[in-house]
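These notes are about the structure you will find just below.
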Amino acid sequence: SSDGGSGGGGGRPYTIGLSNGFVGSEWRTQMVEGLQAAFAEYQKQGAVDELVVESADTDVNGQIQQIRNLINRDVDAIIVNPNSETALDAVFREAEQQGIQVFAIDQAVTSKDVTNVVIDQAEWARISAKWLAGQVGEGGDIVVVNGIAGHPANEMRWNAAKQVFADAKVNVLSVADGNWDQATGQQVMTNLLATYPDVDGVWTQDGMAEGVFRAVQAADRLKQIKISGEARVGFMRLWNQARADGFESIGVVNPPGGAVSALHMAVNALDGKTFAGGKINGNTVTIPIPYTVDQANFEQHWGAAGGESDAYSLDGSLTPEQAAEYFQ
Amino acid sequence: MSAPTVEAPRRVLSWRPGPVALAGAIAVALVIAGELVSPGFAGYGQLVNLMRVAAFLGVIAIGQTIVIIAGGGGVDLSVGKVATFAAIIGSRVMAGDDGDLVPAVALALAVAAAIGLVNGLGVTLLRIPPFVMTLGMIGVVQGLILAYTGGQASGRAAPALTSLVNGRLIFDLPGLLFLWAALGLLAVWLLRRTTFGWNLFAVGANRTAAELSGVRADRTLIVAYVLSATFAGLGGILLLGYTESVFLDLADQYMLPSVAAVVIGGTMLAGGIGGYAGTAVGAIVLTVLQGLLTTLDIGGAGRTVVNGVVLLVLLSLYGRQRRLRS
Amino acid sequence: MNVLREIRLPGVQLSGTATVAMLVAAVVVNSALQPNFWSAYALTSNFATFVPLVAIAVGQTIVVLSGGIDLSLGAQVTLSAVAAVQLLDGRLDRLPLAVAAALGVGLACGALNGLVVALLRLQPIVATFATSFVFSGLALVVLPTPGGSVPIEVTTVYRDAVLGVPVALLAILGLALLWWVLRRHRVLRHVYAVGGDPEAAYASLVPVARTRVLAYVLGGLFAALAALAVLANTGSGDPFVGNELTLASVAAVVLGGTALAGGRGGAGGSILGAIVLALVTNIVFFADVPTTYRQLVNGAVIILALALAGIPALQKRRPAA
Amino acid sequence: MSTLLEMTGVRKRYGGVQALDGADLTAVGGEVHALLGPNGSGKSTLDKTLAGTVVPDSGEIRIDGEAARIGGPRDAHALGVAAVHQQLSIVGDLTVTQNVVLGLEPVRRWGFLDHRAARDRAAAALERFAAAFSGRLPLDRPAGTLGPGEQQIVEVAKALAREPRVLVLDEATASLHKEQVEVLFEVVRELRAAGVLVLFTSHRLDEVFALCDRATVLRNGRTVGTVELAATGEDELVRLMVGDLPHPADLAVAPPPAGAGAAVLEVRGLTTDRLRDVSFTVRGGEVLGLGGLQGQGQSELLLALFGAARITAGEALLDGEPLPLTSPARAARAGIALVPGDRGRQGMFASRPIQENLSLASMHRRALGRFALRASSERRAARTMVDRLQIKLGSPADPVSTLSGGNQQKVVIGKWLLDQPRVVLLDDPTKGVDVGAKEEIYAIVRALADDGAIVVLNSSDNRELAELSDRVLVLFEGAVAEELAAAAVTENRLVSSALRLAPGESL
């Protein structure tokens, strides 16, 4: 956009910034690429002109710098996958003061200056937790391989899942951290199996299920131990191979395409539209979890995604039309 | 002047068995502690599992040991990223096919060695402190990884690699352990029984004196960094055999633990003193500790604190420096 | 004998001029690429970004000068920040209390490091790596999930300018002044001596152990100051906020001309080094380097900067063979 | 005069070595008391127990009849003890002023440094030695940029600035030239007059006789006696120190490769930062000495020939072949050996085993494919040197830092003898070496020459130069000022020649 200094405001075409503070994950790559593809569509329509991408492994301080750079670049809106739920509050205010609209994806932030466009992480966790509770039954024993303790998404997910297990009277024997990393997940699960060889199930999050599976498989306990899986191709390949032996699992999609949904929202908002009542709760717009891969629909999803590389996450995003329905 | 006393040179070539034995004792103590708090921890199968996990760290730490012994602030912070990169290259080239295993490993190790060469040249010719040279290299390698993969690591371990790492040979021990033992022996031999090893210790102990004794110090250092990256690459390939699939951050987390394993094994960061046997035991100690902490259900925060405290206790047992007053 | 002294040099030590030249180059390039570089917002926001790294780099410098290194400084920033923000609870009247808490935590962390390094004689890289676990674990205990808020007045003032001078720049000048004062104190003299040659210092009546402890305590003090800057910059608490500052602080120290071997250098250079590091990130962004290559270019620029500084040493060292 | 210092039954054990085995020493205020003994006899260790850097296992130290507890250097300082140790305690990156006041910096309020007072104190302490710095005190220079002799003087000044009652000088003259030694002696005599006790250790007996009143002799960590020097002859003292002098062993050193007998080293117009147009020729079998005042480029010349200095002009030919003067490694491969002047920094690997220190320069010859070492042959090689040089050690696996200074020096020399060098460059090879070992080293040098090697020798000891050299080049300001040959090579001639060249520096 051509208006100098204060950034933001003005009409089409819009400049959009993306701030992503973590690149050591294929999920994030998919997120960025998906956004770029959707952006190109808007570009053809002349709605937007430039997507400024800030994407690097960094911490909160670095992400603040990223956002300030985007502000200095006069973007009209910023889509951010935040490294912290709270610690970007002040820089979000800076953006807001310059008339820039900010949309947080993947994880909600506390700042009132931001619109969160996220799936419900608690619900996401509940789906697989309920499935696992059903599999192991009342009195069943499970272990848990979580992401990183203290991480907002991790806490939201685990608090919801914990409640599910408590309600279902499932015993959680141990909770360990797998750092959202397959290799670590594999090692952690191996250690857990040494102490708890007779568990009935393991609940884990996306990014670790493949490693957990391999650990259980190496211990030759796939038949005895139920695993809550993930909707990623690598895991689904293992799932597919083990299906013949009666292995069952579940994969709730955590869509990298959330960024695309947020882009639709951003364009609508920049066009001056406001959210329809009931579509926004405080400053959070909850987008639906696209779908869940389960025993029943496995074939269908495997058929569609099986050709992708192992790290590919099954995906989904709102269409522009669906996004428009969120606005008055 | 009394007659020169030349004692029977019983340990001429073996240096300080102390730290190694001590580290070993600690590993055993941790295993026993593990068995007490969570029965099953000391089972044969679990011990083998722990050893297998320790092997990755152990192999990566071979190079770290060499670089640290070389002195001058020697340390290689890029080992984790290099290991990741090697696994990524290897998996893409072998793509789950045994036929391409050898070229895949060769290419991955060659690229790793080239990165080590750049580290070595930066440290010697351009005199960049190793800490910062290899730290900067992390960013460079990360960029190479993104450029090479486009942000999506793909490819898969060849079955032969997986069965080498995971497959059971005699005594139900995975092939990986035999491989680690062989590499470990190679490292010990290299350090203790070759001119390269003795030159390395000399350069680490006193670089000026080494040069004035006719040692090509720069060349020795460059080789040290090349070896460091190569062993890191090898560690990454082995890890690939374990996980079978590859990820953008597969081995990144080995950076500082590899240094810790070396130090716990009694090698001095000041250079010129140490050896690989201690490092190997150090890798086992760290792995057993992680395993133990995993099975303790004390929550993430508590686990992190305990991890730090136990590390301090381990270090204070023998990772200590000389005192100024004797 | 200068020839041999050069052979002995453990690494490059940048001269003050090299560091200043780097800074000038970074500023020139950055302002060429970023049209509004000199605008009020860009200036205040840039300086606001620099302060945490600058503060922690000064602390790291003192530790490095003493012959050590502190890989737990980032975790100390986190722990100090979460302790302060918990007490702060969004209330301006609690500010003195929160500042005292941050400083107290920083000093205590530094004392623990000093204890393990100086008294237990553990090797600093690994000892402080270990204490970093203790500090980050404690940070999670203090603040299990992100939260807490900093009074708006604080975050506003931090982003403000006084007579056109950004407050954050004043903060940096304050840190430089603090260094300037410390530099004139006996403790810092002893820090240089101990880092230069511990045995000689010991034989020369320098209280080696106490000096080392003090170096880490000062490191902790600056980590606490960094924590306050982080809070003013972020506006709230996060149990992971400072951890990644650690390695960057070491890079800043080296770019600033302090020898990692200890005993040579000073924090003035580190302050500039920290600013250069931050500017390089900006430059890479405004130069539109594709995201794939940003970290590559970032790493390469740091290596190249140090390499260029090392070339004179190279030429001095050997005859054209 | 009453007893000032009384050390009784002092014991100290390092691993397998009993460094002190019940040493005694009694001395009074106002005397210069020599502490003598062969290398490794425990002199430095005894000094260190007094200075607080070593805590003895047992024994008693009394000062003024009071039992003294010396737990660290600062306890020693409180008791009025200051020491100049064999291994200097100079911090190279601090300035001379900062070094002189180190640990006792004058401060203003709240511990802030008083720079002016520090300078004044340093200037006062160094003033006496101004001549050694050609009149200008380098107060603001980093001490590490000074030459070894200058550093030694700074160290002495530092001790003097502490106004001690007991001053320990442990081989404080080892790096000093005759003129500098004279100034130091003058100062010591004044201190003696003021009632200070000076404990003086040196392997140069002429110095001992010139300066000291009494001497206590140690052997194997035990005191063998205290003598009045005025009533003692040199031979008697030597016998007390080393027992009967051993016959220099039958020193068959490894001969240089066959056909090397006629080796000729020709140096033409060699120029560096510190050397100006140096030319000379030496033949196999000849010992060429380098004389002159200290610091006139002697060490630089040796380093240059070894490829460790930056050469701006000139060349050197060995048997007509140009020598690569670009790297020590190449020099070593061309058959050149250098025993450098600064043992700690340039010569040895303190933390490494004696074995490796000895093997390093020559191991590739014994290694399979220049790479794979055989433990047995390395052991044998090291043992040969230990026996030949009579190195006193516990085990060859011990770090070389556990050896006494003199024995360390033998290791540094020994590593090259295994390499069959054609040219041997020696920079002050007997620094800190005791009488007996000196004889052994002299014998080695002669044997090397007899076997056809070329020897170039720099020595701070003119007596040594005179004794060993066939010819001496006197250097002045980096250039050859005079050549003394055959009969002209005498100690007196050397001294006068050196002094005559530096009229401005009459000391």
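For reference, chains read A, B, C and D in written order, and residue numbers begin at 1 within each chain.
The rule is short, and it goes like this: a residue touches a chain if its C-beta (ideal position, glycine included) is under 8 Å from a C-beta of that chain, and two chains touch if they have at least 3 such contacts.
If you want to know which protein each chain is, UniProt gives these names: B, C = Ribose transport system permease protein; D = Ribose transport system ATP-binding protein.
Quantities reported herein were computed from a predicted structural model and do not represent experimental measurements.
Enquirer: If you tally the C-beta contacts, which comes out ahead, C-D or B-C?
Expert: Result: the pair with more contacts is B-C.
Enquirer: Counting only Cα atoms for the centres, state how far chain A is from chain D in Å.
Expert: The computed centroid separation for chain A versus chain D comes out at 70 Å.
Enquirer: Calculate how many whole Å lie between the centre of chain C and the centre of chain D, each centre taken as the average of the chain's C-alpha atoms.
Expert: Computed value for the inter-centroid distance: 43 Å.
Enquirer: Just the number, please: Cα centre separation of chain B and chain C in whole Å.
Expert: One centre to the other, that is 29 Å.
Enquirer: Between chain A and chain C, what is the gap in Å from one C-alpha centre to the other?
Expert: Taking the average C-alpha coordinate of chain A and of chain C, the gap between them is 34 Å.
Enquirer: Two or more other chains touching the same residue: where does that happen in chain A?
Expert: 23, 32, 57, 149-150
Enquirer: Can you list the chain C residues in contact with two or more other chains?
Expert: Only 4, 7-8, 140, 144, 199, 202, 291, 294-295, 298 qualify.
Enquirer: So which bits of chain D are touching at least two other chains?
Expert: 53, 308, 327, 345-346
Enquirer: Looking at the whole structure, which two-chain pairs count as touching?
Expert: Pairs of chains that touch one another: A-B, A-C, B-C, B-D, C-D.
Enquirer: What does chain C use to touch chain B in their complex?
Expert: 4, 7-12, 69, 71, 116, 120-123, 125-127, 129-138, 140-141, 144, 198-199, 202, 208, 247, 250-251, 254-255, 259-261, 291-300, 302-303, 306-307, 310-311, 313-314
Enquirer: Which residues, counting only chain C, touch chain D once they are in their complex?
Expert: 1-5, 7-8, 184-187, 189-190, 192-193, 196-197, 199-207, 263-264, 316-319, 321
Enquirer: What does chain D use to touch chain B in their complex?
Expert: Touching chain B: residues 14, 16, 38-39, 52-55, 72, 219-220, 242-243, 246, 306, 308, 327-329, 331-333, 338, 340, 345-353, 355-356, 359-361, 363-364, 367, 370-373, 375, 378-379, 382-383, 386-387, 390-397, 415, 434, 436-437 of chain D.
Enquirer: What does chain D use to touch chain C in their complex?
Expert: 51, 53, 73-74, 77, 83, 85, 87-94, 98-99, 102-105, 107, 110-113, 144-145, 147, 158, 273, 299-300, 303, 308-312, 325-327, 342, 345-346
Enquirer: Considering the complex alone, what residue numbers of chain B touch chain A?
Expert: 38-41, 43, 45-46, 49-50, 53, 142, 146, 150-156, 166, 239, 242-253, 290-291, 294-295, 297, 299-301, 303-304
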